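Which chain is which? They are A, B, C, D, E and F, in the order written, and residues in each are numbered from 1.
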């Protein structure tokens, strides 16, 4: 089992970036690797509650993010500074997360075998 | 009544920009304005790919284009941008293959050119 | 002679320095898509922000004064009441 | 000898990223390393479009992929990413259609995963 | 005849952005409109001399930029601040340009009927 | 335990604040493609920059000390001498 980190930096509806990252995260969990997902910058907005893109014809992928726990993806991290930037409260997101400062993000990175930015 | 040209610059995978352009076009028409052309440029050319076939819970891109086409809106694929991206310009469905010059003349004539990306 | 500036992503996607210096008080700033998340950031570009109502609503974002919610019909009218638009 | 997996994330129109991945792959092989897979993900999936056909003064993308294929490198198209982009997954030439799970297993096994974009 | 401005903001080998802008600029000149091309941010690097991308297999589109004058495209503008940022001298670029500060860029924009960012 | 940070665009494409705080003195910073134009900008991330020689050469960019020119073979070796890479 290796440690793999998916790093997201794009906003929720910037092309399919977050959806690609979601797929990648779920699949590494499925093949039983120790997967972590880190949201930084505008990517943290993908964890904002009560978004309903289906009302403008877009797929509601937030429902799948909510299922991460069911698939044993527990290591979900967000950049503390980015939460502040977008006025989000870490205790009121779609899923439970750990908020990290830059030093903690560096520590997380240092523990990985593979890192993929999506 | 005003005359518009619209251009789409992002790929079909950018569903959000696509639905926005379509809704803007619908609002133009329902407000009594005229759309002289919708032009696919840059990554937008992939909308004219004959392969485009999305799952049923995704934005129904093909039928949205068909609806605009049925209302008589001229949907144009930029041949220069398409060739630079290796896109097959035969068999482009509701999109007509047009030169950049044709679009530039339409854009010069129109009251407004609005880009979507 | 006012310009309509259109954004669809948070401000970090753009060159803030350029925008702060280019955009004039007489210009209009319209937020679409994921730009709607970032009203606080875009406030430095304009006192009043125009926001596409549909895009704000699906993201559960409230539009408060002095900002203005726009329908698609309003968006079309706005492109006609300004001299030209720039989709950044 | 080390085992690599490489992934390509940008479209064929990003000629620069494409030539860089190919040269990195060549250097891997000539240094005696092994490439377990080159994986097309995100906009990279468009490299497997059968339409891809560029002018003669452009990067000869098709023949570069063919050369890697002829050297026995496994070129994989991510089926999930392809379907989300409406790409036809029949007739993908030198690229084999693979599930994300297959790639994730290869990436977990490899010594190094290097992304190109 | 209308005033049209092409606005470039991407670096020279970021996908085909500059090449698309070049095509658009040339075509508006060909259909006899008053075309201007403004380079800002990393786009100014497309005017740097002595680049030879053909040596790594990429098309040398800088040769076409040099032909802009032949096609009567004379209104080429660059952001003064961006030149400074990338250490370029406005008198030593591929083609003659006018360097503009932000106020002058705003003035240029205010004179246009259509503006396209590519 | 050092990380290889790979860039292919000028620094303005990235989140500078994040990078300045994440990248450590023991890490390596490699510039490819259009990132080669921006050695001055990337200097704030590392004392010594590694630069792909081919990409610098076609852009007519000189590589000066303390920076280091890399061949593709060097690039491959670098991915093996670091713990992992991040292609930003």
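The rule is short, and it goes like this: a residue touches a chain if its C-beta (ideal position, glycine included) is under 8 Å from a C-beta of that chain, and two chains touch if they have at least 3 such contacts.
This is a predicted model, so every value here is computed, not measured.
J.: Which neighbours do subunit D and subunit E have in common?
T.: Chains in contact with subunit D as well as subunit E: B, F.
J.: Figure out the least number of contact steps between subunit B and subunit D, where 1 means they touch directly.
T.: Graph distance in the chain contact network comes out at 1.
J.: Quick check: more C-beta contact pairs in B-C or C-E?
T.: Between B-C and C-E, the larger count of C-beta pairs in contact belongs to B-C.
J.: What is the distance, in whole Å, between the centres of subunit A and subunit C, each centre taken as the mean of its C-alpha atoms?
T.: For subunit A versus subunit C, the centre distance works out to 27 Å.
J.: Could you put a whole-Å number on the gap between the CA centroids of subunit B and subunit E?
T.: Measuring from centre to centre gives 26 Å for this pair.
J.: Please list all residues of subunit A that touch 2 or more other chains.
T.: 13-14, 16, 41, 56, 58, 114, 117
J.: Counting only residues that touch at least two other chains, what does the list for subunit C look like?
T.: 12, 15, 33-34, 54-55, 84-85, 87
J.: Residue numbers in subunit B touching 2 or more other chains?
T.: Touching at least two other chains: 11, 13, 16, 23, 58, 84-85, 113, 115.
J.: Every touching chain pair, please?
T.: A-B, A-C, A-D, A-F, B-C, B-D, B-E, C-E, D-E, D-F, E-F
J.: Residue numbers of subunit D touching subunit A in their complex, please.
T.: 7, 9, 41-42, 80-81, 84-85, 100-101, 104-105, 107-108, 113, 115
J.: Give every residue of subunit A touching subunit D within the complex, in rising order.
T.: Going by the criterion above, the answer is residues 2, 4, 16-17, 19-20, 23-24, 27-28, 30-31, 33, 114, 116-118.
J.: State the interface residues of subunit F toward subunit D in the complex, per the touch definition above.
T.: That would be residues 6, 8, 32-34, 52, 54-55, 71-73, 75-77, 79-80, 84-85, 87 of subunit F.
J.: Residues of subunit A touching subunit F in their complex?
T.: Answer in residue numbers: 7, 9, 40-41, 79, 81, 102, 105-106, 109-110, 112-115, 117.
J.: What does subunit F use to touch subunit E in their complex?
T.: Residues of subunit F touching subunit E: 9-10, 12-13, 33-34, 37-38, 40-41, 54-55, 57-60.
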